[in-house]
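First the structure, then my questions, so here it is.
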């Protein structure tokens, strides 16, 4: 679309800067500096993390569970945090995707009454702008009520702990929700009107159109939003620190097979890194680097998936 | 399923989302209320007999029983630290992002463009704890040992301890964190400027820089504002990275200190909440933390509102937001 | 506004040598104010006119597909030259090549020679060339600014030192008058240009392209 505004540099045809004012030339130099600096910073961060990660990562770290002590220096790996990250990401996404897709579908396809539609849109913008720490403390306030005691551990004296995988996953879904909602809505708006009209003209109800025509065609959009959301969940630390109970190992509550783990506390890669840095008590910097390296790989992989989907998307042409 | 039932079902999902959001706003403010009520407007001020850190410790150590709860707090150093770090990173980051975006769209050779765009996306996706780790294990020792001379540390030793945890490192890392978001948004907006305008300007004999500055950048001002607001919200809410590098001392860095100002520690609101994670079970402490959360929430609400209004006012000249 | 008598029409058909058709002298159409005008502006037929641009064997292709093939043309001072042809035959491309606007498209290639006042167009600085050879587009494209800012745009951006508004006002008024838009917008020059009607916008673009005396204009 912007083919006219960009110019391929060719030897004689490039506009020389000889006639430019001095301020223009200074500005050009600054632009170049900014671009090169951005490149350099990205390269430095990636190279440094890879270097440190390869230096410190051993397969044993991935397979061992963290040591029981507060100090992580001596022994132990980070198997539990890896499990924690996977659990939270999967659960958070599983809640966010149906909610986000349904809300986007309702907004674009139905959207009445108008006031409600505007409120929902503003509401999602509010969530998108809210810091994750605020979402975390809200989760704590909300799920510490007695009605939600089944979701986590209840201490003696009837104080609901209010922190568990269930609860953390629910608040993580809020973090992913605006991304899923946004991508789905964009994809829905990109479907031209005549596609829907053709379906209605054949006698299909709106719901059938959604199910049979729209949903299959916006799959790449939903997938993009999902991958973006997963990336954000995997990388978030604040919610984990507040809502996952700060136990290094998975600490189940009760006896039921899977539910007990989900009702219990644990850690994720992000909180493990935080804990082992000078800001926490683990005091094992090399393990922090190793865990951070694994985390970075996970996030890069998720982002790469988003890119792949975006490239494959060019297949659907509507006209 | 009939259309009506489908509409109601989908609408129910949307309403659940809306309900949760309203609940969140209400409950955070409700939980925060006692802290504000006990301090009144002085909550936002400074003063009091002790430093803000000591005040927080007192609140944490309040004896049990609702009558004995301690609530006294003068949060100004925290608010000031938050505003200082956030606004500095925002301003520096916005300039940096604008120049980089112009570079990507207009001046970068094709090969550099192909490297830069994935690089920006990568930087935007890196989790904040990794930025914090690099900050605290690389930048902080560097600043603490190489940039702050021992004389400087001796000078201020009775007022505050200068380790590398400082405003300088905090602003640097935060700028790097929020710039990629802004670059991505501004690049998309610059590419969407109608070519008719840029070609029209080139056809009049205006050079490339002036064309892109006076036409394209002017045209995407709503996007720049949106990018700035998004970045500001992210910077305000950044808890983890800042708690690792900013020093966690409720100290108000004083610009009049000259160069030492950059090396002084600070304590932003969001990191205070994270550091207080253990203490939520103590009622007055938890309520004070909610008070901080309420301030953050209201600020981000105002930011969204402000951005919306700014975009509306720029519609006048035919710039779509 | 003074009315000039219509210039002679030079028809260039591709396979034949060019012919010249003179317009009949206007009778009694002009009002009393113009009747006594000197004839200095009307050139007698056949007098030597300066040739300003020479196009020789110009070919332009977009990504290998030819758009203009071996066109040779001379453009004279003071004449109004119309290119007429079926849709898609390369008229716009030819015009855009005259001030090297095709270089904004990465896939465009050009061969052949193009000279303005005996200078090869490639040796001139491109922004300088475009100031001497300006273009108004088929679709009006006013910038998202006020009317005054639109017309003053080129003056502001090309000057060494940014001119102030009182300095620009006479040039802006002159340009708007020559484009035939002054009476309609004089009351409020700070209105957004995008609010004008289509015809007004195109006249604004013409005014924008000519706040100073320009050599050729298309």
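Letters A, B and C name the chains as they come in the text, with residue numbers starting at 1 for each one.
The rule we apply is simple: a residue touches a chain if its C-beta (ideal position, glycine included) is under 8 Å from a C-beta of that chain, and two chains touch if they have at least 3 such contacts.
In this text the structure is predicted, and so the values were computed from the model without any measurement.
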item: Co-neighbours of subunit B and subunit A - touch as defined; value: C
item: Farthest-lying chain, centroid of Cα atoms versus that of subunit B; value: C
item: CA centroid of subunit A to CA centroid of subunit B, Å; value: 18
item: Whole-Å gap separating subunit B and subunit C, where each centre is the average of the chain's CA atoms; value: 52
item: Between subunit C and subunit A, distance of the C-alpha-averaged centres to the nearest whole Å; value: 55
item: Per-residue overlap in subunit B, given as positions that touch at least 2 other chains; value: 199, 207, 210
item: Of all residues in subunit A, the ones touching two or more other chains; value: 3-8, 15, 19
item: Per-residue overlap in subunit C, given as positions that touch at least 2 other chains; value: 104, 127-128
item: Subunit B partner contacts - residues on subunit A that touch it in the complex; value: 1-9, 15, 17, 19-20, 24, 27-28, 30-35, 37-39, 41-43, 45-46, 48-49, 98-99, 102-103, 105-107, 109-110, 116, 119-120, 122-127, 129-135, 137-138, 140-142, 159, 174, 177, 205-207, 210, 231, 234-238, 241-242, 246, 270, 273-274, 277-279, 285, 288-289, 292, 295-296, 299-300, 302-303, 307
item: Residue numbers on subunit C that touch subunit A, as the complex places them; value: 100, 103-106, 122, 125-128, 160
item: Interfacial residue positions of subunit B with respect to subunit C in the complex; value: 194, 196-197, 199-207, 210, 214-215, 218-219, 316-319
item: Interface residues, subunit C side, partner subunit B - complex; value: 99, 101, 104, 127-132, 134-135, 137, 139, 141, 143-145, 153-154, 157-158, 192, 194, 205, 208-209
item: Contact set on subunit B toward subunit A in their complex; value: 1-3, 5-7, 9-11, 13-18, 20-25, 27-28, 31, 96, 99-100, 102-110, 112, 115-116, 118-123, 125-130, 132-134, 136-138, 140, 176, 179-180, 183, 191-193, 195, 198-199, 207-210, 213, 216, 229-230, 233-234, 236-240, 243-244, 270, 273-274, 277-278, 280-281, 289-290, 293, 296-297, 300-301, 303-304
